[in-house]
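In what follows, chain A forms one complex with chain B and a second complex with chain C.
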Partner chain A sequence: MDTRIDFYPTHNHEGFKLRHGKPFPFGATLVPRGVNFSIFSKHATSCTLVLFKKHANEPMVEIPFPNSFRIGNVWCMVVFDLDCEDIEYGYRMDGPFEPNVGHRFDKSKILLDPYAKAIGGRDVWGTKPDWDNIFQHRGRLVFEDFDWEDDCPLEIPMEDLVIYEMHVRSFTAHPSSGVKHPGTFAAITEKIPYLKELGVNCVELMPVYEFDEFENSKPNPVTGEMLYNYWGYSTVGFFAPKTGFAATGRFGMQVDELKSLIKELHENGIEVILDVVFNHTAEGNELGPTISFRGIDNQTYYMLTPEGYYMNFSGCGNTLNCNNPIMRNMVLDCLRYWASEYHIDGFRFDLAAILGRDPWGVPLPSPPLLETLAFDPVLGKCKLIAEAWDAGGLYQVGSFPAYGRWAEWNGKYRDDLRKMLKGDMGMLGAVAQRLQGSPDMYEYSGRGPSASINFITCHDGFTLYDSFSYDDKHNEANGEDNRDGGNDNHSWNCGWEGTTDNPDIIALRKQLVKTALAVLMLSRGVPMILMGDEIGRTKNGNNNTYCQDNELNWLDWSLLETNDDLFRFSKNIIAFRNAHPVLRYHEHFHNADLVGSGCVDISWHGTQAWKADWSGTSRAIAFMLCGKHAKGGTVNDDRIYVAINTYWDALDFELPTPPKGAKWHVAVNTSMPSPEDIYEFGMEPELGNQSNVLVGSRSIVVLVGK
Partner chain B sequence: MQITIKPEGDIGIATITGEIDSRTAPQAQGELMPVIEKFNKIIMDMTEVTFLSSAGLRILLLIYRQATAKDGRVVLVGLSEEIKDTMTMTGFLKFFVVAESLENGLKALA
Partner chain C sequence: MTFSATLEETGSDARIFLKGELDASSAPQFKDAVEQAAAKSPKRLILFMNELDFMASAGLRILIFAKQKMGQGVGIYVIGCKGPVLNTLEMSGFHRSVYVQDTYSE
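Let's turn to the complex of A and B:
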């Protein structure tokens, strides 16, 4: 093959040997003897490739693309004989600076390739950058030859997932984690046994695309402690993993380290979903830095007002122009790249309602981007999960354009469950829908319960323990006088705001945490738990810790001992879900006996059997699932009876009779102290009185008829 | 970087000194490939290797893949803690049999 003439240069620039490149793929691609550089700009008048030695302040060479190397709006060039481990690259684009029509070209800036697959400049987390450096985020070349052996995405059915939402750095940054390289991808690998013991089979990683933790970083006005862009919901490069999350980032091996983590997770039966932020970039508004898109083709990549200002549906200064075909293709290229090169199992789209807006910000009835992703062959088995709202007021939970593929973070599940758990009246009708996978929201449009990602907590808002420890947010540490963060927390402090030594209050909080986790695991749909909720993690009442690189975000592993009862409960309630197929199905309930079992698939009860009290003052509800209806009647499971009491006193629930020949056994009773709060599968004791059960205040009882 | 090769019975021992990175990788590949052709059992003595870059890791895996393609076996000897750590985190270590010393390496291939 060495005889191919395109393996040899045709041009020369200051000793660098060149030839005409290929327009596809965009980005920098290793080709025989060289690197193919390809970049789009519709409005630039010229383009220059800028090459640096790794970490160098000044460029090694600047190579203007000869005009003959441009095809349409794509500049492409092969540069031969580069040391691919020692090169960083960027571009200069010349063109008009006419903000009123959307152009902001500035050839004094060196621009990051939007398709850069590795990015230098923030190699080690928290290392203060040299702000005088003319090139802050530096494209690097990567080998795309990772040896996956037999690995492939796991394709676990949606209804069988238990998602664990986590932040890479927060999971192990705390000294108590005991890992070798705290806060890194590699450290998660070390903690896989913990995830397995807990029983989750999917981790959803908060943003792992390269971001700048120093974006808008500032000292806390009160404590002087540095506040960062910590969570990372502000992307610098969509194709590159966060270098500072890799222990090997300083060696430029972040790509291999993340792939290795994914391979290990897969080997242990755990899927990986990435939280992706395609609604805006780290460039902010007109006052923000020019990193990449703004200088390459501002008018193409961003939604602009007629006067050329940035539209701000993200609340973060700018809005990516997701339904412009160029941007749409970039999102598609990006997701295909992560699905194929990184074996990612699914994606959760931050503020996804933006992805359904046209270039002028108007919500589209059939958004081409959402349709494209739903029908894409490479993404054909990936989970697609929308955060179905945006900061511009578009709220599409229940109505997000789904194309038979898209699931949603069900914000209504969170709100309704929280209100019920703290004892609000009038919630039972709504909660009954949530428990069933929200058929009121999804069934009319033909979407099954797996469209509903059920969650009570996520990174935004209180932790589960804080939901029962604080009436109000306490965000002073964020340096904005407690103005930031949501106010609709639907939380209750159990009688004392914040930390207390009062054993009764602590016991009640734990009981409510257990009750909440139990309801979540018993609901049809896809449960998601927030990192640390399984061991009573607290953020001291802060409900918006996006900027905190400290104990407010770091998981304190000593809670595993302090709250060993919570951990025991958490892993057993997850195991309970996994053991009972009747809880996990992709179709809605029919409220009928379709399999001839003599019992409807789901029936509703109250303190009286077969008589649910739906009145506005009721705080007691029970439901029963017929095991013979499991998985549409194809699998035989036990009958399951669940009684929820959110009243402040214990209530006696009359029980429906168990199936013939079976007895009720106690699986869960959250009003009991550990270890009688939950029994391992197969160890459930028989209920003494088979006709009634006393359900303690603010607790849940789960019986198994077998 | 330097590589010396010496046979020990049916085992080929390649002793590598210095750094394997993108600059030295082609040389390493050029000198190690003949070892694979000649021997089915190979020891790579890495005691004097001070740094392995991404390209260096790939040379090791290339050797492993070529060797196993002809039913050969590769043992790495004398990895420094840092190199071992890096290889673990990037997923390269698990392909290899690792021995602390040359003697153990020889035993592993016996």
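Let's turn to the complex of A and C:
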């Protein structure tokens, strides 16, 4: 390749040898003996490539693109003989500054390439930036030589997933994690045995694209503690991993480190889903910094009002113009890149309803971006999961344009389950739908239960333990007088607001956590648990810890000992789900016996067998799954009976007769102390009285007929 | 400290002794040694790093290159690497793709 005679410099600028570049792919691409730089701008009048030595304050050279190097709206140029290990690059764009028509060009700014695949400038987490530096977020070149060996995405069927939502830094930043490099990709690798023991087979990583933890950082007005853009829902560069999440970030090896983590997770049977934030960027509104898009082609990349102000469907100052074809292609390029170069198994789209709005903000009936992603060949086996609402009031849970591919975070599952668990009346009808994979929301449009990502907690809102420890949010630490964060928590403090020594209250909270996890794992659809809920993690009642780089977010690993009973329960209830195929299927129940087993696939009961009490005052419900219907009748499983009692007293449930020759065995009883709360697969004791079972207050009993 | 990469061939082993600091400027020298070694189709590539003081990402690139250049059947051994070098291998995860050992005996 080095000796190709058709690829030689034709131009020269201050000693740098140049040649007309290729318009595609966008970004900086290594080519024989050089680098191909290509960038789009429709409205810029000129473009200059700015090259720095790594970490240097001043540019090494500024190379204006000769006009002959522009094709249409793309500037492209090959620069030869660069030391790829030691280069940082950006662009200057000249053009009109006319905000009223959407143009905000400023050639004094050095701009980050939207396609930069590694970004310097925030190399080590929390290191205060030099704000005088003229180039804050610095594009770098990456090599794509990672040794994947035979690794490939796992393609685990949706219905078999158990998703664990986690934040890279929070998972191991706490001193109790005992890892070598706390808060990094490398540290997660060290904790893979823990994830395996828990039994999850998919991690969903909160944002790992480059973001700036110092965006809007400020001291807490009360405590003086620094508040950061900690969670990272504000992207600087969509193609680059967060450098400060890599132990090797200071050496520029973040790409290798993240790929190593993914490879290692795959080797252990764990998929990786990325939480992607295509609704807005770190540039904020007209008062925000000019980092990249604003200076490259503001009018193309952002949704603007007729007066040229930023539309704000994201609640974060600006809104990316996702159904403009340029932006749409960037999203597609980006996801293809992560799927092919990083072997990512799927994506969860933050505030995805925005992706279905047209450039003027109007919801589209058939959004081209969502359709494109659903039918893309490279993404053909990737999981696509929408957070099907936005901050502009568009709520599409159950109606998100799915094209046979898209799943959704089921916000109704969360709300209905929480209300039921805290003992609200009138919830049983809705909850019965949620337990079945929400056919009321999905079946009419031909979507199976795997469209429903079932969750009771996620990063937004209370942890599971806090859901039963607090009636109200306590967000004072965020420095906004407790105004931020949602108020519809559907939580209950079990009689005391917050931490207590009262053993009865603690026991009740744990019992409710176990009951919630059990309901989640028994529901049809795809369960997702929040990092730490398996060991009773608390955030002290804060339901919006987006800015907290401290114990409020960091997982305290000592809980693994304090709450060893919770961990034991969590891993066994996940194992229960994995052991019983009748719980996991991509089709809805038929409420009929289509396989001729003599029993319907799902039947409903109450304190009386075969007589469910759906009345508004009822707080007791039971259901039975016939194991002969497992996976559409292709696999044989046990019969499973589940009784849920959210009343404040114990209730006696009359049991349906177990199958001929079988007996009911107790798998789960959350009103019992550990270890009688759950039994390992195969170790379930036979139920003494086969005709009735007493279900304690606010608890769940699961029986296996075998 | 100046860098050196010395190739020695012993039977079916190719041994490269690395000294000094392996960074972007010295990486090509290491790459040459790997290419020479690969030309002889050895069964094992043994990299002695006892006297290697530092390895930048450019060095890691050559290790990745070596792994892919040698092919699947060839074991790559990294011998005696010290604190910062070992750290770099571990953080980047590359230590899982090769055999990292304190010493080497046939």
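The rule is short, and it goes like this: the second predicted complex is superposed on the first by the 700 of 706 C-alpha atoms of A that agree within 3 Å, B and C clash if a C-alpha of one lies under 4 Å from a C-alpha of the other, contacts with A are read in each partner's own complex, and residues count from 1 in each chain.
Here is the rule we use: a residue touches a chain if its C-beta (ideal position, glycine included) is under 8 Å from a C-beta of that chain, and two chains touch if they have at least 3 such contacts.
Not measured: the values here are computed from a predicted model.
Q: Mind checking chain B and chain C on superposed chain A, clash or fit?
A: clash
Q: Have a look at where A:631 lands relative to chain B and chain C in the superposition and call it first, second, both or neither.
A: Neither partner.
Q: Contact-wise, after the overlay, does A:252 reach chain B, chain C, both or neither (first, second, both, neither)?
A: Both: A:252 reaches chain B and chain C.
Q: Let me test your reading of the model: by the given contact rule, A:145 touches which partner, first (chain B), second (chain C), both or neither?
A: both
Q: Show which residues of chain A both chain B and chain C reach, each in its own complex.
A: Comparing the two interfaces on chain A, one with chain B and one with chain C, the shared residues are 83, 85-86, 143, 145-147, 180-181, 184, 186, 189, 246-248, 251-253, 256-257, 259-260, 263-264.
Q: Considering the complex alone, what residue numbers of chain A touch chain C?
A: Going through chain A, the ones touching chain C are 83, 85-86, 143, 145-147, 149, 180-181, 184, 186, 189, 246-248, 251-253, 256-257, 259-261, 263-264.
Q: Can you list the residues on chain C that touch chain A in the complex?
A: 24, 27, 56-58, 60-61, 64-65, 67-68, 72, 88, 90-94, 96-97
Q: Which residues of chain A touch chain B once you look at their complex with the stated criterion?
A: Counting only chain A, the residues touching chain B are 83-86, 143, 145-147, 180-181, 184-186, 189, 246-248, 251-253, 256-257, 259-260, 263-264.
Q: Residues of chain B touching chain A in their complex?
A: Touching chain A from chain B are residues 21-23, 53-55, 57-58, 61, 65, 85-86, 88-92, 95.
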